[in-house]
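A, B and C are the chain letters, set down in written order, and residue numbers restart from 1 in every chain.
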């Protein structure tokens, strides 16, 4: 294996990792703040992609793509924000909220998927990429769209990290995630903060969906695959902190890229799952996790 | 300042306290004293808006904080009333008015640093002036805050965490401060230190509601002292005369019966 | 001690028999194979959902590998019956073993995890299994699945013949057996350990429940039935495909479980039929059907998170309170004569702050004696005392709300010791009784104590079948002998048998004239029992204890020596300020109701007590009250 091939595999692994991180971050933000597992996450990814596809029909090229992505992310944020009040908030005082939220989010994903089916039909679609052609980085040529995807994913993750660590609202959100009652006693509107968390998760899912939609074909039920992928990432990294799935996503992306190269497409899922089994047996709370959750 | 009349509440369907009347005047410190598990903390959480009051009235500065009327009864045991019945009182309204509550044994936010926590605390002041002075006061009272500014809350000791809790409350520029057992589970030395701090907050002119199990601690700090037993205020204790063990026992278990 | 009557004594017997009969006859009425097909699917869903309840509901383990257990059963059947060529029946019986083995394997990581991590791990495990099945396409057929699996046959008769009637009854039998299994398991020591771990893990562990073993058993037991159902399903649809791993199937079964009601065995079974039928009715609407079903499920969960079974119980509750109210109305209307004959005078009705109550009052200018009856009884229990004392005393007795011929009260306000004591005080006020002697029996004893401790006018106080408590519920085990019948005291619904048992335990049912009191158990509003006990914690017990210890009023305790409930040693050791004859009095051979079982002895004792009080026994004996405390509450004063 030449150094160039190595570089190429590493880079495509990182791109994959970026997408995985974007998908998984939403799951982990919702879990760390709301204490529930969002089964509608895959449907969020799909819906985000379809909205972007629809908007992209009205404009071509880079700006069309940017506009489409922006509209999709914005709309999905609003949808996530609203869905909090329908799916999760009504149960916040109930002891079995985890179970109730599982069924409401599952039902939401069924509804979203069926609506996509009704509105856009079952035919496969693709969003035209933001940029076409190839660019050269460190002497290796890449599909430009991939590089953009990675860059945007990294930028989005960094922005989210900055938001949570540095801004007042972000800190308040972390506070509300760590101790709801104390945050309430400090005068924060915890409900709105929680809804924002679901909005952010939906927006991140939409962004991931937009890029997936520009890399390959989408159909109404394609969200199931990202959901499972994010799940693996989250198991791998643990959900204790919102950063842990990010590291895990990049590790998994790189491992997947290498195993595709060396073992082929057929076996690479098996490698991933094998890795996951090892993690589960050795450190069931995830590589970077500890058993307590925090945002 | 604070007028609580005929307040009843609890965790539906279990009623915890009934018909509590409590007033705190301008520049006054009121103590609540009573055995464990009789509903003091539930009462204060309700006054602070964390729990919905069932009946009665909470007025702060003459303004009513809880929704008028009684909490409607829950006829069905299983219908999710949270879905369509709004809260009857919200903590953030109490906070906005300046009614600041320091919870008993507050865990705060384990994964945030002291600085981060103190950074978001002034939001509760809702634009009231005086955050700066309070910031100085807090750091003056608890020098440890500056020493441990970069530590995560979960690495702090119980006493330090209690100090952060009080500092957070101070940064909200309280017009009335409710302290729920600030010395619970602390070593005697720390207890003294906290007692002194509470005394200085009192001197700074902040009205207080103070709860403790330790009657010595209370009598030194408050103007009036109430005995809270079995979910209601049973009697007012004369502060000037230190009550003996026997007389407290009689108050609690004998005298309460008419 | 937990009260768990055998199934055929519980009130679930009739509905289950009826449902069983209906389901047995159903395929004979509807010969259409399609309707039977829906029923068979509903049976399988019911087995799946109710067995999932074991781990998800009772165990509180977020096990999302349940569909994987089902899939293992399905594929095990496919492989065993088609590829290996085993007998289909044998394969159906062997398939669960594979599912259990997988569950045991899964338990390894699950035992170390909690909460949402269990969701992640179990989903991951099922995905892993899916990948495995897809990758072994030579055996499993990969993504296209296995088809034409062997059918179940009996001799040459195929169960699909005659409109699938064979499969219908096989599935019904399986549902019956699975329900029996779950029912028995839930009530077994293992079932209690499972629930204990869910409700209070550390306490359960501290009491010797092994967490690891119990969780392992929970998962394995929870895998048994889906394994079986999966194999059966395989033999029925004759296809094994990876669709069973999909979110759609998971959503269906999980919604059956939640709409039916978590931690109830019957709820998911009911919901399986409802949802199967609902989704079949809408079968022609394509995507709209999925949306409608999903929205309906969300709607139910949002509005009524308890689910169908809780709804049925609430309905039953409503009907039961109507029934008891009607019984009371009937008693007021038609039994007045019988009551008057027994008590020697007619009763009347009186309005109080807690509703209208039935009152008996001999109404002459004599010293008053107020009688308060016990839980699920009525004032007529005291007819022997009325007969014996009415020449010397003015006898006043009333039916508590929800009891006897009083009206049913408002469960939120009228069914508590506090309310009962206030009613007694109101009656004393309305009748202008001057410092009455109060006698309370059992629950009525607490009402009497509460009345006395509340500072209401009181001459003398006597109680029977009541242990004074200083803390509730901490003192209950000391003051009472644990028995299954104690559990009945707070139970809302009584089956017919429980009513009889309760009457026999509390009353001297063979005593002449006890018929009315016995029937009062039938009439009592179940909510009165339930609410009273759920409010016991808010009673000011310290005040009652303080009253007893002060000893300012003459006090007597007259119990039956054979009382099945109260602990005589506890009652004797309690520190009374002043108790008549220095100790609780005991009537040999009498049970919980000595005034009915041995009325002569009881009346003699009570009469002596009242007379000695009148002649000043108490004034001589009782010294100044010194409060003493057997139990110092957690309480600190510093002596620095």
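Definition applied: a residue touches a chain if its C-beta (ideal position, glycine included) is under 8 Å from a C-beta of that chain, and two chains touch if they have at least 3 such contacts.
Not measured: the values here are computed from a predicted model.
The set of chains in contact with chain A as well as chain B comprises C.
For the interfaces A-C and B-C, the C-beta contact count is higher for A-C. Taking each chain's centre as the average of its CA atoms, chain B and chain C sit 38 Å apart.
Distance between chain A and chain C, defined via averaged C-alpha coordinates, is recorded as 45 Å. Residues of chain C in contact with two or more other chains: 302, 305. The multi-chain contact residues of chain A, meaning those touching 2 or more other chains, are 90-91, 94. The multi-chain contact residues of chain B, meaning those touching 2 or more other chains, are 80, 83.
By the touch rule above, chain B contacts chain C in their complex via residues 13-16, 35-36, 73, 76-80, 83, 213-216, 229-231, 245, 248-250, 252-254, 256-258. By the touch criterion stated above, chain C contacts chain A in their complex at residues 56, 62, 108-109, 112-117, 119-121, 123-124, 127-128, 131, 135, 246-248, 250-251, 254-255, 258, 262, 287-288, 290-291, 293-295, 297-298, 301-302, 305. For chain B in complex with chain A, the touching residues are 48, 50, 80, 82-83, 91-92, 95-96, 101-103, 106-112, 116-117, 119-121, 123-124, 126, 168, 172.
Taken in their complex, chain C has these residues touching chain B: 302-306, 310-311, 314, 412, 453-455, 534, 537-538, 540, 542-543, 545-547, 550, 627, 629, 633-638, 640. Those residues of chain A that touch chain C in the complex are listed here as 31, 35-37, 39, 86-87, 90-91, 94, 96, 98-100, 102-104, 106-111, 113-115, 117-118, 224, 228, 231-232, 234-235, 239, 266, 269-270, 273, 276-277, 280-281, 284-285, 291.
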